[in-house]
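So, here come the structures, one by one.
Shared between the two complexes below is chain A, which pairs with chain B and chain C, respectively.
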Partner chain A sequence: MENLIYLYGLLPTEEVTDKPLPSVKGFDGKGSIYTVSMNKITAVVSDLNPADYSEELIKDKIGNDTEWLQEKAFHHHEMLTALYKKFTIIPLKFCTIYKNEESMRSTIQSSKEKVEDSFKLLKGNEEWNLKIYCDDNTLKKQVSENNPTIEAKKKEISELPRGRQFFENKKIDQLIETELENEKNRVCERVHEKLKEYSLHAAIKKNWSKDVTGLKENMAWNSVFLIPVAQVERFLEEVYQVEEELGESGWRFEASGPWPAYHFSSFS
Partner chain B sequence: MSLKESIENKDIALIDILDVILDKGVAIKGDLVISIAGVDLVYLDLRVLIASVETLVQSHEGNREKTSSIHFDKQRGELVHATGQPNKWTD
Partner chain C sequence: MAVEHPMQSSTIVDVLEKILDKGVVIAGDIRVGIADVELLTIKIRLIVASVDKAKEIGMDWWETDPYLSSKASENNTKELEEENKKLHERLESLESKMSTNRLNTSENQ
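This part shows the complex of A and B:
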């Protein structure tokens, strides 16, 4: 049976001719990685035995074998990080697999212009991720003390007859929760707008729950930026300053990068 | 050290990697459509998710050779040779 092709990423062919590819083992830990050139685009791939890497088997592993997922996800990430250090690269999503070389070639050929545009976009720019975490309890305390909406409500309640105060006070907890969420969004949006000034492109991603992150704080914001290399330090200084300013009110800002441009080379 | 350098040298957890490599950004769809974005990470082992990737990256960057059974076999062979005793191992 024909080998499957695991595609790691795409490089501009002109860069590959200058520098050799790192010599490392492929996705199955046995064969080596190699390149397939299609004019201006060069794919970095490795072969997979279809008996070991059928769609069902991979799905089963991903769902049930965390150690496998950890090993393979690290492998994918390390490979792309190593390539990223030497080349302009369009990283592919984890487990992008083709039935054979021909199928990969024709798929890439049909997106040729977009691939080449992405190369241009990525050159000289870096992808950075920013996660904002918030300790809800610390912030809640401040919101319940300093929020104008809540203050107005408290004043309104204090002027009510005793009996009704009891019920209205119960409702105020709910109001605090709502205002807490509003405050979190306000802060995150303000920071995001500020940081966008340093970037070419910015996007907002999904937040992860505490069950996934294992942290005691909630993830309040998860965002990604494409930043010109010369602006990166200023971007990070801005993050640092915001952290200085807000750190005591329960906020934590976590920038990571530069990442192979998983987000910004996407064109599907 | 610049801020950038200090961040680059920080450890990355699997959760951060999965956040990136499983993201919606499929550039060019493969034939085998492995849709893991739909996998609920909540069911994965948390200790694994937040495990740091530091050691793996370092072993690569330090150009250190990976320890493998081939190495051990080679070393064993050398030791056996050095003792001048007959080899009791069956390969």
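This part shows the complex of A and C:
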């Protein structure tokens, strides 16, 4: 039976001709990675034995074997990171597998223009991720002390008869929660808009829950930027300044990168 | 830079978020969908929550990867164990809430 082909990513052929690929083991941990060239596009692949990597087996592993998934997911990322250090690369989604080389060639051929456009977009630019975390308790304290809406409400309550004060004070907690969320969005949007100035493209992603991040603070913002190499330093300097300005009040800014352009090379 | 990674787990989450959720989709012949990145990330984070465990299975490469680990701080094993325990409990309750086949994969095209 013919070997299956695991596709990691796509490189511009012109870059591959003068630099060798890193010599590393492929997805099954046995065979090595190799390239398949289609004119301007070169695919980085490794072979898989169809008996070990059938659709059913892979589905089963992903659903039921977390250690396997973790190992393979990190392998995929590690490979792309190694390639990213030397080449312009379009990272493929985890577990993109073809029945044979012919099938892969024809699929890639049909997306040829999009792939070549992505190479142009990515060359000379870096993908960075910014996650903003916030200690809600610290911030809540400030909001309840310094927020004009809440200030006004408190004043209003203090002028009420005592019996009603009790109930109105209960409501104020809710108001503080709302104002806290508003304040968080205001800060994050301001930072995002500022950082966008350094980037070609920016996108806002979903925030992950504390179950996912394993952190004590809430994730308040999660965004990605495609930044020209020459601007990266200034982007990071800006993040640093924002951290200086807001770090005391419970905010934390986590920029990471450069990443293989998982986000900005996307096309459907 | 004052941008810190308080724990390695945050970089694990970064990696999984990207590779399981993102990356270019060019249809493969074998279609493997990842239906619930969130739950898978929690599960995977659990098994690498302990640094010792990560070393044991050879997944400690990010400690030396300048891209990923620049600021991995000292880990407190006890804290991690405690966290691991809590996460296990949370995961169990999450899983029991989910329908039996949330992790099913996408259909053939």
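The criterion applied here is as follows: the second predicted complex is superposed on the first by the 268 of 268 C-alpha atoms of A that agree within 3 Å, B and C clash if a C-alpha of one lies under 4 Å from a C-alpha of the other, contacts with A are read in each partner's own complex, and residues count from 1 in each chain.
Just so we're on the same page, a residue touches a chain if its C-beta (ideal position, glycine included) is under 8 Å from a C-beta of that chain, and two chains touch if they have at least 3 such contacts.
The model shown is predicted, which means the values in this text are computed figures rather than measured ones.
When the two structures are aligned on the shared chain, A:E243 is found in touch with chain C, with no touch to chain B. Legend: residue contacts after superposition of the two complexes on their common chain; A:E233 is shown touching chain B, with no touch to chain C.
Applying the stated contact rule after C-alpha superposition, one finds that A:L4 touches each of chain B and chain C. Of the two partner chains placed by the overlay, only chain C lies in contact with A:F253; chain B stays clear of it. Of the two partner chains, neither chain B nor chain C is touched by A:G26.
In the superposition on chain A, A:P12 makes contact with neither chain B nor chain C. When the two structures are aligned on the shared chain, A:Y262 is found in touch with chain B and with chain C. Overlaid on A, the two complexes show chain B and chain C touching the same residues of chain A, namely 4, 7, 10, 54-55, 58-59, 62-63, 66-67, 69-70, 73-74, 76-78, 81, 90-99, 103, 107-108, 111, 118, 129, 205, 208-209, 211-214, 236, 240, 255-259, 262-263, 265-268. In the complex of the two chains, the chain B residues touching chain A come out as 2-4, 7-8, 10, 12, 14-34, 36, 39, 41-46, 48-51, 53, 56-57, 60. Of all the residues in chain A, the ones that touch chain B in their complex are 4, 7, 10, 54-55, 58-59, 62-63, 66-67, 69-70, 73-74, 76-78, 81-82, 90-99, 103-104, 107-108, 111, 115, 118, 129, 205, 208-209, 211-214, 222, 232-233, 236-237, 240, 255-259, 262-268.
Those residues of chain C that touch chain A in the shared complex are 1-7, 9-11, 13-20, 22-32, 34, 38, 40-49, 57, 59, 61, 65, 67-68, 83, 87, 90-91, 94, 103-105. In the complex of the two chains, the chain A residues touching chain C come out as 4, 7, 10, 53-55, 58-59, 62-63, 66-67, 69-71, 73-74, 76-78, 80-81, 90-99, 103, 107-108, 111, 118, 129, 131, 205, 208-209, 211-215, 236, 239-240, 243-244, 247, 252-259, 262-263, 265-268.
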